[in-house]
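What follows is a set of structures to go through.
Both complexes below contain chain A, partnered by chain B and then by chain C.
Moving on to the complex of A and B:
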């Protein structure tokens, strides 16, 4: 499975390095989103308490939705998704390959977003780097795991651009809440490890459940 | 006691009373035929006759609503992923990444099909396509005919036993069409079973070993060694429907 997933990831990265279409649009959208909130909410160099956490996750989710849609639109244009499904590999390997490609894009976006939000909102986002990485990673994996499954399912739907966020955001509400609350905890002067552990555990549980569910259902979902 | 696993090698693909419905719409209804190795079977019919749906089911991308498709003794519903290594598909869309070069496309699919030496396989495929000198060019810059040649070699790179082609002559000039027909005949001679969906009767005439005429999802006639395909097709299509 991992050989096929790696092949698909490498192919996706090669295509993206050539076109840079998804990386540029995702980054531009995410940065615009943060800038709009910064102009609206930051007064005298300070944003609302915990606001940075919410704005960081809003930007990640919106940009992630854009990246998911475009990634599968690219596979739809030449029907290459069908070619991937025709390969003699287990179909969940195709899911893992596409998921890894989305994760690389989202982690790249977050690398830019975290310092930008920290700077514009004067937020102490980088004060606890270990917990920040843990919360961002698990939250992003949960969001991308559900998003990759839905984006693949909707690839033939006529209203896929509308349906993807309509389906994706309600299901990923636990990720959004845990991500925002976990990140907001990191902004407090005193780190409350118990609280952050709780949100982290919730995110890990969500990841395990939805990655397992996606691997289990992908074959059936893509065959019919 | 364990029973022996069924062989993935097959000499014949059998479509037995297969139907496929999408909601209330009947795309394919009770179609039966067989495709043996060393034969070219044509699925002929107007748009919406169910040709592409049948090919999609043969490619294992869609399950029949009823009836069975068997690859040798193996039923499609029980088929392991490895069965797909015996099937090659050239769709109406070419399944190529325009942002990759012809060589990268072929190498990617060779690796995906588990070929040990993907580099050599891609090089050989480029030579067969007559594009050895354009291998490092992006597919986005190719003409339709060149893309079709790369796509055909992509579909055949793993030497499949069953080759499924959906409207392979679309958009090809005379030279490319002639090259494709030659390639299909050589594939037949090498023992592949070929199922070809087309509505171009002139090109299909003289190429097919069997012709399956489809109309509104139903098989209206099966002809062996068809001659005078156009008049047989006209007769079959104008005959009153038995629904």
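Moving on to the complex of A and C:
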């Protein structure tokens, strides 16, 4: 199974490296998003207290929505998703492969977003790199796990572009709360390890539950 | 229609018509006065909201597991009732809260998880309505994810609010469980059953009509 997932990931990355379409559009959109927030909220060089955490996560989720939509739109246009599903590979492996592809894209976007938000909002985001990586990773995995399943399901639905965010955001509310609150805790002058541990544990549990559910559901919904 | 349906529907109608009189006869609550009477509609509809969510979730899981369209029809009917009863709950709640707590909305665990569940219910109906053919399975998966989501929302909001407690102290609600309350709960439960049955029936007949059209085309 891991071999199939790895092959799908490699295929997605090869396609992406050749065109760079999704990477460029996602990155540019994420940066524009942060700029809009900077224009709206920064007064006299300073953003609102804790604002950086929220803006970082909003940018990640908006950009993630765009990346998810585009990734599966590409598969739909050339009918390759059908080919993938017809291939003698297990459905969960296909799901894991697509999920890994999305994660690579989102982590790449975050690598740019974190310093940008830290700079524009003068936030001490990089003060605790270990916890920041932990919260960003688990939060992104949770968001992408649900997002990959829904985006794959919606490939055959009408008005899929509009439906993806409509379905995705209400379901990922716990990721938003835990991600934003967890990141905001990192911005405090003194790190409260108990609080950050709680948010981290919540995100890990969310990831485990929703990846498991998605692996089971993917098989059921992608079979005609 | 099954035999029990007509008597239950009649009884439900009569109880619904009588409920304002029963509520009017209830005692005034000492501090909140008249506004507290919203409670007699608020709580039963909140319970039906919860029950509708559970029926929709369980029926969706069974539909995903078996592929039997009967479960799908039940899930759709329950999904619509979820949105209706959820709307009643979310409108009556803030009206009462304004008087009881001094504010329309507080971000506590129960209100937030209700709001998000209601939004997931709306997303479910939007998907069913605009998703096109084949969206039943997607909607079932959404319902399953929505159910799994509720404990996470509850825990996260609860913790978030405990770290940052609201400045106004939320008073404990008085809980006088009298005859009017249980009268209204029974009324709403009957209403739920009647509406669910009717809605499933409409879907069944729709499926029959579709099947007839298809068999005509084949000839």
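One rule holds in what follows: the second predicted complex is superposed on the first by the 224 of 224 C-alpha atoms of A that agree within 3 Å, B and C clash if a C-alpha of one lies under 4 Å from a C-alpha of the other, contacts with A are read in each partner's own complex, and residues count from 1 in each chain.
Note that in this section a contact is a pair of C-beta atoms (placed from the backbone, for glycine too) under 8 Å apart; a residue touches a chain by one contact, two chains touch by 3 or more.
Since the structure is predicted, the reported quantities are computational estimates derived from the model, not experimental observations.
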Inquiry  = I'd like to know which partner A:42 touches here: chain B for first, chain C for second, both or neither.
reply    = neither
Query = Touching A:195, do we find chain B (first), chain C (second), both, or neither?
reply = second
Ask   = In the superposed arrangement, which partner chain does A:78 touch: chain B (first), chain C (second), both, or neither?
value = first
Request  = Quick one: classify A:173 as touching chain B (first), chain C (second), both or neither.
outcome  = second
Key: Residue contacts on chain A - larger count, chain B or chain C   = C
Inquiry  = In the overlaid three-chain picture, which partner chain does A:127 touch, first (chain B) or second (chain C), both, or neither?
reply    = neither
Query = Which partner does A:210 reach: the first (chain B), the second (chain C), both, or neither?
reply = second
Query = Taking the superposition as given, does A:153 touch the first partner, chain B, the second, chain C, both, or neither?
reply = second
Message = Considering only the contact definition stated at the top, list the common interface residues of chain A for chain B and chain C.
response = 224
Ask   = Contact residues on chain A for chain B in the complex?
value = 4, 7, 11, 14-15, 18-19, 78-80, 82-91, 223-224
Note = Given the complex, residues on chain B that touch chain A span 59-63, 81-85, 87, 89, 91, 93-100, 104, 108-109, 111-114, 138, 154
For the chain C and chain A complex, residues of the former touching the latter = 64-65, 116, 119-120, 123, 126-127, 130-132, 134-135, 137-138, 140-142, 144-146, 148-149, 152-153, 155-157, 159-160, 163
Remark   = Per the touch rule above, chain A residues touching chain C in the complex are 146, 149-150, 153-154, 156-159, 162-163, 166-167, 170-171, 173-174, 177-178, 181, 195, 198, 202, 205-206, 209-210, 213, 217, 220-221, 224
